[in-house]
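Handing you this structure, nothing more for now.
Letters A, B and C name the chains as they come in the text, with residue numbers starting at 1 for each one.
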Amino acid sequence: MNPERKNNSFLHQKASVDENAYIGSYTAIGKGVKIESDVYISKGAVIYGNALIQAGTYIGENCIIGHPQRNDLTKITKEKQEITEFESPLITIGKDCTIRAGTIIYSEVSIGEKCQTGHNVMIREKTTIGSNTLIGTNTIIDGNVIIGECVSIQTGVYIPLYSKIGNNVFMGPFSKLTNDKYMTRKEFALIGPDIEDNVSLGANSVILPGITLKRGTMVGAGSVVTKNTNENDIVIGNPAKLLKKIPEDWS
Amino acid sequence: MNPERKNNSFLHQKASVDENAYIGSYTAIGKGVKIESDVYISKGAVIYGNALIQAGTYIGENCIIGHPQRNDLTKITKEKQEITEFESPLITIGKDCTIRAGTIIYSEVSIGEKCQTGHNVMIREKTTIGSNTLIGTNTIIDGNVIIGECVSIQTGVYIPLYSKIGNNVFMGPFSKLTNDKYMTRKEFALIGPDIEDNVSLGANSVILPGITLKRGTMVGAGSVVTKNTNENDIVIGNPAKLLKKIPEDWS
Amino acid sequence: MNPERKNNSFLHQKASVDENAYIGSYTAIGKGVKIESDVYISKGAVIYGNALIQAGTYIGENCIIGHPQRNDLTKITKEKQEITEFESPLITIGKDCTIRAGTIIYSEVSIGEKCQTGHNVMIREKTTIGSNTLIGTNTIIDGNVIIGECVSIQTGVYIPLYSKIGNNVFMGPFSKLTNDKYMTRKEFALIGPDIEDNVSLGANSVILPGITLKRGTMVGAGSVVTKNTNENDIVIGNPAKLLKKIPEDWS
């Protein structure tokens, strides 16, 4: 395919688009973008900044990849710059990812191969996500976050600034990490939780700022975790208390 | 109106569009779509697969109707197929529905007449929704779900796979059903709750996997329901406990 | 710039667009719209009704400003009116605001200067928001709401009909106000909470209908507030109880 011929899409002449990529209508591809072979860019999606979309990846309708960070956005607005001219720190979306419609990914994000997002996911800057990780619909990752491999993030999860998440973690629907202990009432440096490998968080659970959930911890649905846990603790309630250890016969 | 004449919209030549339908700009209507009279398709909306939009229905800006299921999406991406060529199991949006801007409805969904959605609702495959049901903004229905008639689903509700919801149910804002008891830590078949007729769920309440809420149960805001209820129980707290029965003089 | 020359955007000939505004592609600007100088309208955004976008404001991709209220939407749909012909009560977005991609703002909303929204915010009709207020991604403001100045509304907050929020309030991520005590089970006029100045709400907290949180109240994460508070109370738990007063040495 020759993307230049595609109706109703804007492709910057300096962008690099493999001839085996598919570019849908009403899209916009900026100056510093590199799109590898067998990428599929759906209708209405935009790719800005220095985004690298690796081979075999799908970008759904109306996605925004390479959204400018705050200062860059201010500059673009003030100077009335064409946003497709804007260059940025690198964004990498790995091979064979599925980025579903409506997802917004800021500049300076790196996503490993074979990751999937649901719809309307938002991932802000300075975030690294390992391969084979799933990120559910409406999940918000607020920047400066490290997420491991093979993590299952369900629908509507909230991961604020400065959170750290290990490998093989399961974050149930609408589970929420927090980072702001005093909520503007007292000086406090934001500090996210540290979620170690193999932790499972129940639906709508809340983890308080700076808490460490040790490897294999399991948190019940609707729990509010106010204290660090030990390995393989099962904690439940508000505030969460130890129910028991993970039984031997569970995997 | 002759939709062929409309600027900047794509209408597949095999699609069936009633001459009394309104088709906005930057829309795309696929091969297997049937649009009845007095339908209003807003700017930027796309209708894919074998979608039937019945008479008098409104589709808001940037909606995606007939979104491909996972396997179909993989096939479209790999083959770089035009998505407007894709055919699917039937999607039916009944008469006189209002589907507000940003809503995404997958293939193999059936919605009765006079239903309304808020914005950015997401409804996945194999879901049936009765007539006169409201579905609030940002609500997620994750597929394989049955919902009755005259249900009021408020903002931000979560309905996972294999949930069942009766008639005249009220689901308060951000109430959440769950289906995954062991969160990958032990073999477990996902099992959604069974919400019988006339149940009311408070804001941000959580219902655990497999729980049955008997007819007329009322769940307080912020409650976590871990046990089945009896008819007309009012339960509150985390974990939820019986407060009292519904008083005789209510409704 | 002469916006008439811009490719692929619709600009109603009666709209008033300052020559120093930037209008992106695939946008639509309706009949009653007034856009001041140094406004930046991104790709795919639409501005309907009688919207006034004041100088220096940024509108992100796919935003909908001036969305019709229910009755107006019904009329537009039934008459198959071009939505860019629709006139409405005034919408004002003040100077130097940043309205990020995907945000939807209904008609009859007034937003002060230097406000910011995250992505996919939804603000319904008859709402007034003071200057210097931040509104996080996915926050829903359901109409008939008054919000003060310098309020920090984090990600995913819910503010229902008839809520009142003072100045310098901090609403943590996914905090939720409610207004419906009996959830259709008994006659009840919806009544929102009254959140006074300098209140801080923890993440995922829930405030019950009609509750007043007195000036300086602080609510812990995951709490469910069922009773009015006194000034500078710190309350936590489900149901929330007084932990202590705000210490003297906090700001």
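Heads up, the rule we're going with is that a contact is a pair of C-beta atoms (placed from the backbone, for glycine too) under 8 Å apart; a residue touches a chain by one contact, two chains touch by 3 or more.
Keep in mind that what you see is a predicted model, and the values were worked out from it rather than measured.
Peer 1: Just send me the rotation angle from a CA overlay of chain A on chain C, rounded to the nearest 5 degrees.
Peer 2: About 120 degrees of rotation relates the two copies.
Peer 1: For copies chain A and chain B, work out whether under half or over half of the interface numbers are shared, and give different or same accordingly.
Peer 2: different
Peer 1: Measuring centre to centre with CA averages, how many angstrom lie between chain A and chain B?
Peer 2: 25
Peer 1: Would you mind listing the residues of chain A that make contact with two or more other chains?
Peer 2: Residues 8, 26, 44, 62, 102, 120, 138, 156, 174, 204, 238.
Peer 1: Name, in rising order, each residue of chain B that touches chain C in their complex.
Peer 2: Residues 1, 8, 20, 22, 24-26, 38, 40, 42-44, 56, 58, 61-62, 98, 101-102, 118-120, 137-138, 152, 155-156, 170, 172-174, 200-204, 218, 221-222, 237-238, 246, 250-251.
Peer 1: Quick check: in the complex, which residue numbers of chain A touch chain C?
Peer 2: Touching chain C from chain A are residues 8, 10, 26, 28, 44, 46, 62, 64, 67, 73, 76-78, 80, 83, 102, 104, 120, 122, 138, 140, 142, 156, 158, 160, 174, 176, 178, 180, 182-187, 204, 206, 208, 224, 238-239.
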